Every structure is written in structure tokens, then in C-alpha cells.
């Protein structure tokens, strides 16, 4: 779900090696289901290779590249095709291979590989790996020995875990064990959402003393106030390519063209995914650049990879239609993945979720020992502090609760960067109760995919009845409720302190 | 280390209950070592109580409150004094208790408690707790049963861990088990810092497939380029109280007063800590407010609690000197803890650390298959995207590496909010090598305190030889080097894609 | 064109006074053409007044309010209807008047007036005014005397101007004369826009020595490079009301409703203007608020008043349809009029215009004595400075040129607040020429309305052939070209200095 | 006072021309008073010229360059020395001249000139200029004719003004006349500042209808509330050079060095000015850069040029001391001149001034017909809008008043870019009066220098008793009071509208 893997899925690499007196490399389809219609050309280090010498390896089958023409062969997503060239081994060192082929629906495609002929892996002095099964007990054990030898420390805890490491395949490479992050239990918390409606016990994974206790106090206030009203108000995930033109004028005209072709662009994007839907594309113009921000709905997955693939497909289609593009990058820093940004605050990334509560005066004074007026006053002062400091969050500490829940439930924790943004609004009502709401404009959560199916992570999701399909809005609502509890608790603590201090001040003359 | 616990340490609570035909409550000193000189007054629900009826409970000893006057009794940090009033039980419901006493060095202090007479804990239907030992196997087991009953799911993994749960005391409340976050191994990475100089194997705790592999590729580039040059260029931790005045004029004059009394303010602050040093105080004026940003060095701890306590002590001293303060809050959102902010980017929070590398052209082209010109060009375009989007990070994905290392090494992961900020600068040198640097202006790390001594967390720190005193700059340098590797890797992937796409584009006419 | 007047145009005020043994007040239609169908009720200080006693004063005619029912009377935009009540004078002091009437197409409307019975103006000791003609020589002279008496200074220059002061009616109240701002001439500047194509002499109104000379140098560079390629890439003007609901959920549902009713909303808005077109409405949700940003095209006017009126009409229609709105304000600080903001940078306010030039190396070295490499390097360094400082403009000084042209051509100069934003992008091309572009995302200009028809202002517009209808994009292009010239000039000066300084540095050992 | 002229003052240009069978060029001292001790070397197009052939022209006197050595000759600030080389004329086209000389206190200095041999000015087809007196009636008339011929329009108003154009020397080049900007009178306004204490009539130069009337209404509210309490709370002007190093480590060490040498740096800076004082230097580190922000007090001038010169002198001294600097630019975009920025909001640029008022409830309801509760509520909602939009001003329209006063009083109007920032704080007090304050963190004003001595501009300053030395804080206070009036007026208008609209809404069912 991170930026790093995203691009690799789109990336077509060849592992060049000498075999059987010739050589071979691989082509992997990381985009979407296609049909390989013909191999048109193969060039090695500038020399054309006769296509007749080329054999395609497909699992068990082998097909001469020259004999493809009757309808082609399926080339599904994630399929790896080996390309073997007979009768010619390559010398050591770097080589340049170009392969031109045709596929449906992509048409002509030319891929280039610059690679060194692989040196046998065993010769390298690095982290031990097993190309066949890198999650077996044996290879993990070998890595432990390597690590112990390298560092001079013996492992006592890292290698303790309760699941089959193969479960972590797709989540981590060079697996050596787990971090054991303590989980405390808070709640129950009463949530009145559209998807989460009831009481929930909240697992918080943290090492910060009193965090659990503090959130727990806030939950008590919420419960006594009738629960947290939680609402997902928007939902979209982005990838933001940039198209570069000769001049600003062409970039502007491109924007006009885009608006006219949204339907086709959406079709190209959605061909790569059964779940993602392209909602809209924002175009931002500056200099001779057109920055496009593709906005998708992604179901119960966080969807960063899904939208990366879909955006790439859409861009490929666009690039086939538009002559004027000089250059293109799939990402322009406008996504803005793993970043706090004004665009996320304004226009949503992931879930935009609001938690609200109206706290009766007596609940606040009896449980938190603070008067709503003080808390309200502090909020006004803190807004000035926030404005001067230039923060992404005029509230107090929403990332504390978000991070603890992200770790517990297998989210991509690095998304705390964008999920840390928040808008707090407090109002003192005529009956002296306190309306308090927090809006999290870019909460990135999943109940499916990524780390959600790992052992303890899935278990925590299940405890919340939030594992799997159709649950992501429920999880978002619960997290928002938890965050609200934390705001109440800390705001009360800060506001009470004011009172303590005043007393100390006024006391000094006695 | 989070905001939440901070304030509780300063907070004085009383657990009101009826005992032995009278009642009692508690006063806890959460600030720093003091001497209790005299109890001056006790008021219950508006009525003065004769101090002669009051007994102070100190561990085993009991002392009549009226008999304190010969020099007082020690009232050390974290000491709890029971205050018992004989001969009068309180009716059910809320009560208001005020106690006025004198202590050294604080002088007269008046504390107020609004509390309900405690209802026996067993009567409550909530998460099971054991006030004597809340980390025993028995009570943890009881929580498991409670959780299973509540949720209808049985626990299989959450309760699997390799350490004595008492180790987590001070890190988490209502402990129920651990999140098992997979760790992958990357490296070795060559770091050329002032504190970290050598090769390091990097444990990355993540659930994001290919993240470890991607960082690993970047490390290879760094190693081939001679290593990452890492430097901690600044170091400070903040707490930001606000003082409120009658008018802007008094706030301004207060600023002048502060500048003249820095030495005494620093002395008051540093009296609470053997490690923290008050470096300087920034004062920001707006409306009738003076926002103070106290900047401390905090040794090997992240130091949020340390500076909270020290700032509170300094403010207490200030409040005793200055007549004009109308109101005071210990935090004003200017710290800016757990937030991305311009002030952090500009003026540092935690460590400000820079990682630099100059990558020879051939290293980039051979390992990453991308030309430095393309990567440089992308960086210029992405800067425009960053500017339009209003990001806190003109780089690509530093939070990925930071988060994975934070989880592995027991940092306060919620600090990813501020640690996600970064400044990337790329330059193409005349010899076509690529200078690439990343500045992390607010990296919040510790090698002591917080979660660093937990089982796997300490083990990961030890593998890096970064556990304990005198190691925090070393850890900061290593993290910066890791982050640099990730930038190289993803920047190359994005830039290569440009090339792939161009080929597809140009290929369409064939 | 300022915010201030906007709201007054929508505002319906009554000037309450006693006349002829009864009293009267005024109702002004500041919204759009309507028909007054019936007066339903009139309440004065809580008492119903018999509508039979009410007479409507329309210019010369007077119509009994009770006798309206046959089709009604026209109530055009800006028409003032006097409402006179016979037989009852009001006592001194404040009164509360409510009038309920029906109009087409607005339906039932209830207006409330809280006003004091007017005290005769002559009794006040303030700035002299003449209600009949406040721009006559006589009243202006009286104000001069008043000002001289008040200040003790005699006027020598302020009262010198070359036009009939009545021309300033609608531009300024309590007119006393003019500021004489020096204008220098720069150019000719070669512009290659879509609307401005040719050479232009540029009038710059400024008091900053060397500004004109500096811009002139930059123009020389542009001319030698073939001219500035200028393009208006976007155009819209905003008003941003906020609708407040019971909860976030209702705010979200309201957004859905809005999307379904765009056509009707646009119709309601556009009924108030023959020029403005509602392009789209952005909705931003937070807490229980829906912030709407109405985006209009406004022809050759800047259009702030136009869009204020139109947005108000649209909101009135919305408020009639939607039950759930609890509160409404016509502006929410999201417009963001007269402010620098990220939303303006991102999503345009006024014209978004780009000026580009590719400067051959020899042109830069011969005219500006700086090498393109140095200027390019400085741009990269300054981008880091910009990022740390949190600026709205990564360029150097676009507001210098913009302000000088705004004053000269009668623009609303306070819009420099938003027009000061800029995005500069510089690239060093393979042939060592320098591509330099500046994007002004929120340039607010008019060639019609506001101050454009004042004496010298109109003259400056005419010199550029930019006065009146159909000229606004031309003016925007010219301003962008001027701004580009200024960037080149100052960037060169800064970059040359580097060179000078280096020499001083290296010279020290000699 | 703009950026443009600043650098030219530091810039040393030579006007290369052939004279008397040899050639000459000029060296101008734009930095500060010096003594020219020796000419060491002169190189023309790579060839050394015998210093014996060189004559220095100083006003009337001529001195052989070789005969300087006895103590040198004075080379005061702004002095131009002609350098004449006998016996050798230069061919047409570009030439490269290097002159090395020594001066006190600067030491060895090497200046380089790349210039073309001047072509007689009359041959150029451009804007007419008169090198002897470019402000004479005759040359201005010639420019009028040129402009009329170029544009095809005849001038009727531009050339009408009431002062001797020589007064504009130093303010504008290629003077052709004036923009006549209408001025309206508002007030009197009661200001209770430390420097401005009393009532003031306010000249507002604007073309925006109702602006004057709107501000006038707000002034009435302020007067009835006892006046605006205005306070200048900070004052500093910046120039922000950047020093570039080999690595981040050297940049950090440089920061340490700076801290140790502040006294000497201040001395070097202050040697260039009798007024400016170096207050402190902020250093911001990123990559291998040290961004320095020099903060000066500048008396009654805005001081941009003053601090530019002083900073350059300080940097020159630094560059002589520090070996490790690789590159240096006098400005890094961190100043942040003519830009809205977070650093200005946080840390002041120009004057930081606060205006405050506490408005009794009845004043607001009777004059503005709005209840303080509504205005307060709107302020809270608008703060959310401001936060989402990313504005530099959470108030409403301070630039309207600031711009009108800037134009009237001869300020550098382009500084509206930074002066547009504002922080508004509103509080509803227990007695239902409304505390309202506005903080302008970067108000850039002068009462001396720049445009302040122009005809009408000086007159407006004199009307406020704000012309000349010792008046700048007074002017800042008055402007702040005016701005406050505008906020009250517009905030009331927006809040009343809410009320109007509600009525329309509720009226729909009748």
C-alpha cells in the first residue's frame, strides 16, 4: 500500500541470465489482463535477433515467438513470460535488450531492459535469501544467524511470533520476525455512526504510558453524552501524474480535451480493477505542466496500488491519443501520498470523517472537572496559536489515537502523515453544553488487503467486527469516535491546568 | 511520551471515598520534589473543616495535619499523600473539596477537588482491572475473557508474546497482548555520520509489500556511492504555553520582561530535570496573547514529558512574578506536538538531520536504470506540484522508512505526524553525478525511555548498537540514511516510468 | 469591487424619519429586477399597522399599499420605494419595523428594520456632506475647509485634479481630491499572447526608484528573446457562503442535493446578471458546515459585486428549498477575497495567467551579464528558501509590477493580496538557453467597471488599447509579460551579485 | 524601497565608451564610504593594460592611477569614478574588463565588466531620455509625443499634476505624469495608541465604491466604544542571504561560528547606515545551505534598501573570514519581501501592530444592527473556512484599508503582499460586549524616504501629523485603527445578512 511497491507493480523488469547455451530474461505484466498477439522484434546490444530463435516460456508450455499469430496467447495480469534466445550466450557485464510486441488492448509496446547478466546469488555477501521460498523456517533461521554474526547480538524476542511466516508474504521481504507492540484495551465506546452503531472495545497499540487511560476517560464522557455521532462525508483515493507540454497554451488545451474525454479515460482506468471507480479528475495548471489528480473510490482497500495501476492505464490511453505531450511522470507530488498537505485537508484523501458530540455541562464538570467555558476559551486561543504556527491540525493530538489503532489493525502506519490532519470546531451552546467535533479529512484505512489479514491485525479487526469487505466505513467511524475521545480528554487536562495555575498564582500572596 | 500522559503528570487528583466513619482523598505530587510545610485550610462543600480533624497518611506513617510546623515533611515527586478527615462521612454524589497548603519551593498552593464519593470498583461493568498489579497473568487473562465475551471472538494471536508483561508497565494500561508487526531486514547500509560510521543492517517493521525491497535497492546505490553522509544539525524539544493579558501592550511588555529574566526562568525549568537544558524561548505575540515556545535539549530521550514538566515549573515561577497575567494554558498548539507545521519545518522539533549523497552517473544508470538528468528534471517538476498542493514534504515518501524504523525501535509512532516533514534538494553536478540530500527538520527519536526498553524494540536498537544513553544522534543519523535510500529508490522508479511510457507513446504509430 | 460594497448592495436598509405628521422609511432592491405584488403586513414596535394607512412612494407616483393587487408594480434593481405611514409620528430613539410583502420571482419576503428616527444631518459635527450632490465643487470645498480646520494644515496639492469629480461617484465617498502617483514609462515590451500580440509601452505608477528602469531591462531581454508568450489558462471569480446544519450528516446530504440541482442553482444565480455565468460550485465539508465556493465567469469586470449578488440569489433559492439549514452566512473566508491563500493558488481566482520565455544564453550574458547556469542554480536554492519560509510566491517580486500597473489602470489595488501569488519555474535547456515561466494563479483585473473609467486610469488603459469590453484577457496577458520582465531583471541582479561577492572572497588573500 | 532598486545600489556597473582616442568606463561605489588605496591591475579582453596609461576621473580632478599610493583618495558612497585608458579605442561589440584595486576597509576587490561599447543613445528608437535632466518639462513633453505617436491616443489627464517633476527624481524613471487616484475622507477616528492618541481624519485613496462609507461606519463604532487601542509590539526589517557549503556539516558549523561573531557582524552591517541597527540573525539550515535572516531596526524608513546594503556589508565581512563558503547569494526568498509568508506572520516584517476594541453590546446593535453573538459565531465558522482554504489572514479585508492608506501616504504599495496578513481574534465577554482585535504582523510603513515626500503623499501624512522623523509608529497605529474599523463594518454586514436570509427562509411557507 506504500508508494514504493506501487510503481513496481507497473514496472516490467527482465532478469537476464545465461541458460542452456543461450540466454533468457523475463517480461512481467503488472498492469492488467491482456493478450499477447505478436513479437515483432528483439534487439540485443544493438543487433537484431532473428525472432525465429526466440522461444516464449509460459509456465510449462513453450511457444516459438514466431508462431504466435493465430489469435495470440493470454497474458494475464501478474503473468511472467520467459523469453529465451537460443544459441548465443552473453558475455559478463551490462546488456541492452529491446523487445517490441503487440498486445490487446494495448497495441504496440516496446520495452527496454538494461541489465547485467545475473551473477549466481550464492556468490553475494548479503542478507540470505531463498528464491524458491523466502518465508521458510530455514531461510529465516539463516537470516537470524547472519544478523547475529553481523551485529554481535543474539536474538531473543524478534523471532517469537505466533503465525506461519508465509502469511507475511506480500507484506514484507527478508522477513526476520515481528515487533511486539503492546496493546491496551479502552472502552467500551458508544458510537452512533451509519455503519458502526453500538458499543466497541478499542484495542490501542502503543508504548506511550497513560495514552490508553487518557482515551478511556474521554470515552466515558462520550458515553455519558449519548455517544459519538460519526459520519463518513467523503471518500476518494488519488494518484497524480503530470503531463509536460511545449507551452502553457498546450497544457491548457489539454485540460479542455480531458474534460471532453472523461468517459473514455474512466473506462481505461477501470479496466484494471474490478473495484475502483474513477470519480473525477482535477487538473491544476502551472508553467507548461498539467497536473492531474485522479480521484477514485476503492471499496474496502486503502487502494494506493489500485489507483496507481488504474491511473497508469488511463495515462497510457491518453498518451496514445494526445500528440502534444512532451514528457510524463506518473507522480508529481500532488497525490499527496504520505504527506500532510493543504490539498488533502481541502479535497479529501481516503475517508473524510467527522465525529461530533454535544457534552452536557454536568458531564464535563463531573467527569473531567473542567467547565465548558474554559475548554471553549482555550479552543479560541489555540486557534490563534495554530494559525501562527502553520499547522495541519488545529486540534490537539488525533495522531495518538489514529496511530495506536493503525498499528493494531494492520493499516499502513506511514499514512499517519496525511491522517494526522484534523479540523476541530467547538461551540458553547446556549444551555452551556459543549458541541465538539473533529473532522479528519484524510483518514486512510482498509479492512481488506495490505496488512489487515496478518495474525493479530486481523484479530483486532474481528474484535471490532471490521474485517473484510463492506466494513471500511465502519472502521473509519470507530476511529473517528476514538479520536474524539482523545481530544476531549486532553483538552480537559489542559484547561484544568489553567485553573490549577491560577490558584497557584493567586495563592502567592497568602 | 505522548501529549496525553504529559498533563497527567502535572495533574493532582483526589480519589474521594468514605472510610472508617470519615472520608479521605489523595493528593499526588506529579511535579517535582518538595517539602510539605503546612496545611492551612480544608473546605468541604463550602464548610471549613477544623484542621485538627485532619490526618495525613504517608505510606505507613500518619501525621496530624495540625502538627506539621517543625520544618515540614518531604513530599517527593510521585508521592501520594492521603488526607483523612475523621468523624464525618459524606453522602453519595458530588462534593467539592478545597485544600490550601504550603510547600517548598512552591509556596502557597490551593487545590480543588470535585469528585463523587467512589463507588466500589467491583460494581462497575467495565474492563477488568487490578489496582494492585494490573500486569499479572491473572488480570490479563480476565481481560481476555471479558473481551471474548464482549466481542464473541476468541483470541488466538493477540495474547502471544515473549516477555513478562510487567515490562510494559509505564507504556500501556489495560494490557491485553501485542500487535505482531512483521519485520524485514534491509542493508547493510553504509552511513558516514559523526555518530554512526559504518555499515548497518536495518530492521523495518511494516506490512507494505516491496517496501523493504525498495529501500534495499536504494541502499545499494548509496553504498556504491560511498555511503550516506548524515549530520544532526539541530536538536530541541518544545512545550508552548500561552499567557493571556488585558491587552496587547501588556503582552508585549511581558516579552521584554522575559528577555531580562531568562536565567531565572531556565533555573526554574531545569530544577525539574537532571538532563533537560532550556536553550531559548521564542515569544510570538498576537492579540493580547504571548505564545511562548520553550526549547530544550533532552539528551537521549524524546523528552516531551520532560519538557512539559520543566515548562510548567518555569511558568509557575513566572506566574508568581508577573501580576498582569489574566489567564494561562500550558499548551497553545504552538509546540506543535503530533502535528505537521511550518514552525517545525523552520525551527526544528526533535532532531534536524540531513542525509546527503553524491551518486556517480554510472551507479544510477547501472543499478536503477535511470539517468540523473531525468531524476533531476522530475525533482524540478515535483517542486511545482508540491508548491501548488501545499505539502510539508517536497520529497517522495520519507514517512515509509521513518515509520518502519519507529515501530521496530520503540519510538512514539504518532510523531510520524511531525517527522513526516522533509526538504529534498537535488542538484546535477558538472560531471553529471547527482547530489541528493534530504533534510528531516523534526525527527523525534529516543534511545532511552518510552518504548525503547520493550522486548523486541530494545533488541532492534541493540542490533544497531543504539540502545541507551549517548546513542540518540547515532540513531537519528541511521534513520536519515535509510530515508535517503528510499528517496533514491522511488525517485528512480518514477523517473524510469517516464521512459517506459514515452516508449509506449512513440510506439503507437508502429 | 471591494468586499465592503458587495454586501451593501444586497442589503436592504430603511432610513426611518418622521414626515408630514406620520413617518416613512425606504426599501431598496439591491438584488435584481422584481415585481412587487402585495404588501401583506407592517408591524411597528410590535403593533400591526393597518395596511390601509400605508402609501408607497415610487419616484413621482404614490400608490396606496392596499391597492396593489392587480398585477403589482415593477420593482427594478436599485429602485428605492418609500413606505409612508400616515397619522402617526414616532418618538425619538430606536424602533423596530417589520414589513412583509410578496414579489415575483422571490415570493414572500419579510424584511426587518431596526433604526433610530433620523436626527437632522446638519446637527452632526462631522465630515460635511451634501445629500443631493456630494460631488459638487461646493461641498468638496467645504470638506477642504473642514479638513484644514481639523488638521491645521492647508491643502496645496490634494485638491488638484483634472477631471469633474462627479466621475468619481460610485468610486469613492466624501471625495476630497486625488493622490498623484508618479507614472514612469517602460518598454516597448513584445508580448505574444492570444489577445495581446505586439509591442506595448507600459505605464507603471510607483514611487520606488529604479523599479521602472529594472523592469525596462527585463523587457529588453524578453524582446531579444522573441517576446513573452502569455496565456490565460483559467478564469473565475468566487463568493463562498457557508450553510450550517444540525450535524455533519445533514451537511453531507446537502452536498448531494446540490449536485443534483446545479442547473436550477445556476439559473437563480444568473438571473441577477447579464454577464456572469456560474461555472461550478465546489463544496468543502467540515464539522456541520458546508462551505460552498461559487465559481463564475464575469466578462471584462473583476466581478466581485456581480458574483456576490448572484451567489446571494442562488443561496436564497437554495434556502427556500432546503429545510435542514440552521444558519447561513454569505461569506465564510473561503472566497478568499483580498487574501493570499492556498485555494487561490490551487484553484484560481480571477485570471490564471502564464508568461513564458526561452532566453538564449548570449542574450542573458550580454544584456544582464549573468550566466543562465547561475540563475538556474539560484532558482533551485531559492525554492528551498521558499519552502522553509512558507511563501505564496516562489518567485522574486511580481507584486512590484502588478501593483504599478494596478494603480495606473484603475484596478482594485487591494487585490494585490491575492494577485501577489506566483509560481516560477526555470529550466536550463540542453542548448544552455533558459526557459523561465511565471504563473500568476489569481490575477484580478478588469477593463470595465470599478476604477477603470476614471480619468488617468482610463487613459492608461487606452494607451494599451485595453479599455472596455472584450479587453480583459489582453490586459491580463500584458501584465503577465511585464511581471516576467521584472523576474528576469531581479533574478539576474541577485545572481550577478554572487559573482561579485565570490571575487571579493577570493580576492582576500591577494 | 522595492527589491529591484536594492540590488542596483550594490551593483557596480561600467558604462564603456570610446573617448578621446582611448576608452573609459565607470566604477560606482554603491556600498559605503571607502578610501581607494591602489589600482593593482586592469585587464581588457584578456590583455593586461599598463596601469601607467590609466587615469582616474573624480569630478573635476584627474589622477593617474599609478600615483595613488600616498594614502589613497576618498571614495564615498555613491561616488562615481571614471576610469580612462589612453591611446587605445575599442572596436564595436562586447568587451570584458577586469579591474583589481584595494580600498579601505574592504581590502582587495576585483570587479569585472562585460559591456558593449556604447552606441550613441540618439540612434536608438526607444523612449526618449535626457541623460542630463530626465525630469525637465522638455523631455517629459518629448515622451508624451512619443507615447501619443506610439499608441495613437492623445493625452488629456496623465500629464496633469501639481508639482515640479524633479520631486519625483529617485522615485520613478522615465516620468510621464501621474495616476490620479480619488481620495475620500473618513473619520474622525479615535485612536488610543502610545504614539497616536487622539482623533484623526483618514484619507483613503481608492476607486472602490462604498469602501470609504463602510470604514466610516466602523469608525463610528470604535469611537462609541472609546477608541481603538493600538500598539506596535515588534519592529524589524529583513534581508536573507544564503551561504552554500560543501555539505550540511559545514553549514551547521558555520551557524556556530556566526553565533560567536555576532558583534563583529553587526559592526560590519551598521557601518553602512547611521540609522539601521542589526537586532539578531536567524539561521535556518537545510541541505548544505545556511539561510540567514538578518533582522534590523530601521527608524522611520521602511528600510529595504538600508538593510540590503547593511546585510551585504556584513556578508562581505563574513566571506572574508570563512573559508568554507562555496557560493553566496544576497537573497534566498527568505526575506520574504513582497510576499505573503508564514515566516512573516510568525516572526514579523516591518511593524507588528495590534488594534483592539471592546464594543458594548448596545453600540453594536444600535449602529450596526447586529448582535455580538452573531458576529462571534461567524468568526468561529470563518476560522474553519480560513483553515481549510489556507489563508494568510483569518480576518475579512484588512488590505482594503491598508492599500487605500498606502496609496494616499506614499508607501510602497506592493508591500500589500506581506501587509495583507492578519490575525483576528474575537471574544464574547460575560457582559455580552465583544472584544475584537486584529494583529497585522508585517505592516511595512515609512514616514520618511521612498514616496513619502511626494506632493499629495506628504500632504496626507501631514494631515495626520505623520510626516518625517519619529512618526512611523504613530502612522502604524493609525493604520491599525483604520483596519479594525473595516473589520467591524464588514463583519457586521455579513452577520446581518444571515438574519435577513433566515427571514426569507422562514417566510417561504407563508
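Chains here go by letter, A, B, C and D, matching the order in which they are written, and residues are numbered from 1 within each.
Throughout what follows, contacts are C-beta pairs under 8 Å (C-beta built on N, C-alpha and C of every residue); 3 or more make two chains touch, one makes a residue touch a chain.
This is a predicted model, so every value here is computed, not measured.
Under the contact definition, chain A and chain B share the contacting chains C, D.
Each of B-D and B-C has its own count of C-beta contacts, and the greater count is at B-D. Taking each chain's centre as the average of its CA atoms, chain B and chain C sit 46 Å apart. Here the CA centre of chain C is 25 Å from the CA centre of chain D.
In terms of their C-alpha centroids, the spacing between chain B and chain D amounts to 42 Å.
Counting partner chains per residue, chain B has residues 284, 286-287, 289, 342-343, 346, 377, 383-384, 386, 388-390, 394, 423, 425 touching two or more of them.
The part of chain B that touches chain D in the complex is made up of residues 194, 229, 231, 233-234, 247-249, 251-252, 255, 284-289, 342-343, 346-347, 352, 354, 356, 390, 423, 425, 437, 439, 441. Within the complex, the chain D residues that touch chain A are 342, 345-346, 377, 380, 383-384, 386-390, 394, 423, 425, 427.
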